[in-house]
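Naming follows writing order (A, B, C and D), and every chain is counted from residue 1.
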């Protein structure tokens, strides 16, 4: 099994005719993801990707016509909040927002509304997720994955690929790899994903990739100590990050008060019995040591 | 983006928060003229974005315009935590009867805008949080409703605002909230908010930090950016669309992706080196941005080697390699360069890099070690 | 409270909705002058708050100012469903290529503000709902978020707004929504919204109804009330703080509580009579309001008897009885009065009423029967 | 048993020092209602009702100090929305708003927020509710009630008292009498109350008093046909009301399109097998005929 998306996912892409949307939709199709519809206001009735995907003016139309049950959003930051609200209002149960740079006050509102609607949001500012061999949603490179027993959750993009590649190279395959995004407010938290992996019978071990800023890793560590009995390994980026500076990701900032450091997160994880790697390349070994693979 | 005190006050005043605005001055003579226009005692305050300016001697009372000139002379040019003071704010002095702290933060944990209030004003809230956490009220606001009257009343009662100032306090609270929301702030604080001896409620100091992601829709606020307090290299990077932060080490880093960039820095440190910067070149690693990134890194004379780490993903590694070689050929300064490219066609990338005398590496650990070695 | 077309348009225009405002006129000469100022063909439209004015001949085209004067002469003074036309709107005529219906209602069932849109404009939406319900889009908006861009797009695509007018349509939709919310409306409709032959999007007719409960915070809108179309007795009642609606029967009703007032009317009817009014005197049944209520009821010459039904509850029945007797003594016209008082001390109330020659009753059914009897 | 309030209810009164609030609080105390606190901003630390009730500045304070679990609101219409939000934010689970004349767009927002918070709101523009012999909350006269097997729900005030009096006179006592309020948007609907009566073992029969406007009675009729097996009787006010006019209550209006008439509601109820009285005085007989009392 896998979490959140699988071979039954009927994906809609919002912004499918944009440069990014089209490029990554092609890669998703190539991976085997079942893209059933695209949405670009004003291009309803056309098709995208060499006639393979019908385009609609609104998400409501797309859902009504195709039964799409997940939406991947590639629209620019200024329009992404509206796109997320549109998908949720059309009762799409899973929304993955790739867009970076969404203003955080917009995200507060969107997060609250989507949660009340029962919509699961992944992102924004995330690479998406891949249920290996079933569906790839977002911008991750598909070929680095290999099906196997490990679930992965991360706040990063390329750092995630780095870890996945290291695992695949070491013969450790994945069930689902989820990038939850690097913004201060994201729809799906570490705990949400960890709980899903914990409940997934095929996922035998879990890798968690955190970074400086906020306290979600600390909360996740407490959750793991309480709930998770599967082997885990972790990595936290940003041990050398200076305080008070935004390290690329809007959410990656050690507060001036000293909260959100890599050390704080590493100790919380270790206190929960989770081994924390010093380098992404050490993760396969930590998993092997824990009896995985 | 942090705003200077006088900018923050400008925004608060626009939203009806009562305060003594004062005037800025960049020379002692200007400070004297400002003090003359203001009349009476003034405070001369260094305008710097770092904390602790008071302890550093950056805030002084002046009873007369002549004194204001002298104090401005002391403060202008002063170094406060590495920042040279270029501007002072000359503001009317106030006789303080009572001080409060009043702030709004973007509260990641509560996923809300949260009011933070304390009757212990004038000290940093982090300090109060340690010494007297019970003196702090934290009140998360409803993300769709925003500040409500009952919340304002509750905060006022918590702080012990005198009955005859409750209406003014509501004005302050509404103004602070409106300033926060309409500026897309992630922090807006008044510290101290004071009751004066003659019974007025005034914001004596203010600090606003803006959400960088929202700046594109606030050109007026973007224009308040104080370039004097930024590293020139960081300004250049922002103009080139590159996420860059200058550090003190000797190994320049060029990476795609923020998490991987931090990891690369961490591994440099782990290998015994010190990173010279954080640099995320963004998606695609386009040739012009690669060139700009090299220039920015090499403008730092401390840089003795560069570590390039690109996880291409869908992007083709050989194209990235060509871009790097091309960009490097145009540089004014040569340092050893370790390049690691992962992703589609990464094997094809290696000979291209090798031909250009670039050091290649398979793993990131290996790349970090080679870079540290090269910088010695 | 219903607003006249020209008032509704004033509000919409203030919120940026494109329309041809025109001018009002209360005489044919004014209509001619308005048509001269406007230039070209105009429409002369009766300003009345009842529906169906078009069918009644209250809307006429006029090609010239002279024609406008003539048509205004026809329409002014005309009786439309019992209302005498006192004002016409003279507005530029438009060549219509396409008509839409666009409305916002307070949707009790959905507990939301709901957009109602139909590509069948120019006919009443209730008509379309019967003949072609599939042509109607009902879209409830989020009660805290309000109208969002994606909703505006969806409505525009549903209506088939031409691509080059989509931006204008968004302006209309935003303006209509802002007008609704900022006026505390419970209905705001544009019917028809048209595309003209020369490709403009215009609101040709508009109707706004306001939430009476919110009028206290909108004195500017309260001032738009058209007293010409209200019963003088209803105006007097409103000024006295009494909820009153004039009807055609002969039995005046004075009741405390709206539900009980309706029930009293229903029982009068059931007993073979016809109520002359709905009247809820509100809580407490204070003497001055009782007196005002009697005056308002008796100003209607049709009234042959009055039925007073007061469920005192916590209020003392004997006090209410005294108030009624006192108020009645000051009346200019005498009709039989049946009084039923229930609640604390209601037994003590009866002799007081009897002494004043008022008919008393125990049950409401009995009171209604006696009132009908008395009115014969 | 009774519904919503009972002898364990710890009542808070918002606006307790106002004229209405004080008058009716005295009557509630006299009835035996357990009023534990009052709130009037600026009068915190004082007492009300001859020292019997402590007054607080905020609902949060009152709840913190007294454990109040219900709040009755008597503040003027302009401040009532804020008062409802304050009670809900302080996690008071039951809020009864007596105030008439609350703007309906304010109520839309308040209704939505309170529902999301899990706060039950009764009203606004309602007489409150009485669980006979246990607690009276609001402005109903207490002495018209008598404990017994009938639950009553109504949109009106004095009309409710009329029916209660008729029942009491006929020897038919009540469990709880709930006035849900006469506004277009009220917190608790007929269906909510009917469901509670249906689940209450002591309530053997139910009386429902509706009036023109809206379609809540029609929905309630459908609900009763589906769910309620207890004997019922109903009355609908407004058979003689003209269309398009607001009959005192903001919610009592037959739409110009002809919706919301008394006849429509009567037929819906009768179609659901519920007898509808022509006069309030007939209700006891209808109940007797159905074997109640």
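Basically, a residue touches a chain if its C-beta (ideal position, glycine included) is under 8 Å from a C-beta of that chain, and two chains touch if they have at least 3 such contacts.
Predicted, not measured: the structure shown is a model, and the values here were computed from it.
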item: Most remote chain, CA-based centroid, reference being chain A; value: C
item: Of A-C and C-D, pair with higher C-beta contact tally; value: C-D
item: Chain A-chain B separation of Cα centroids, rounded to whole Å; value: 28
item: Distance from the mean Cα position of chain D to that of chain A, given in whole angstrom; value: 48
item: Distance between the centres, which are taken as Cα means, of chain C and chain A, whole angstrom; value: 54
item: Contacts with two or more other chains, residues of chain B listed in rising order; value: 144-145
item: Touching two or more other chains - residues of chain D; value: 109, 113
item: Contact graph of the chains (line, ring, star, complete, other); value: other
item: Chains that touch, pairwise; value: A-B, A-C, B-C, B-D, C-D
item: Residues of chain C that touch chain B when the two form their complex; value: 144-145
item: In the complex, chain A residues that touch chain B; value: 23-24, 27, 77-78, 101-106, 108-109, 111-113, 139-141, 143-144, 154-162, 165, 182-185, 209, 211-212, 214-216, 219, 235, 237-242, 245-252, 256-258, 262, 278-281
item: Partner chain B, residues of chain D touching it in the complex; value: 41-42, 44, 57-61, 79, 82-83, 85-86, 89, 109, 113
item: Complex interface listing, chain C residues touching chain D; value: 51, 106, 108-109, 111-113, 126, 129, 143-144, 181, 184, 186, 211-214, 216-217, 243, 245, 247, 255-263, 265-270, 275, 278, 280, 311-314, 342-344, 363-365
item: Interface residues, chain C side, partner chain A - complex; value: 142, 144-145, 148-151, 153-154, 157, 163, 166
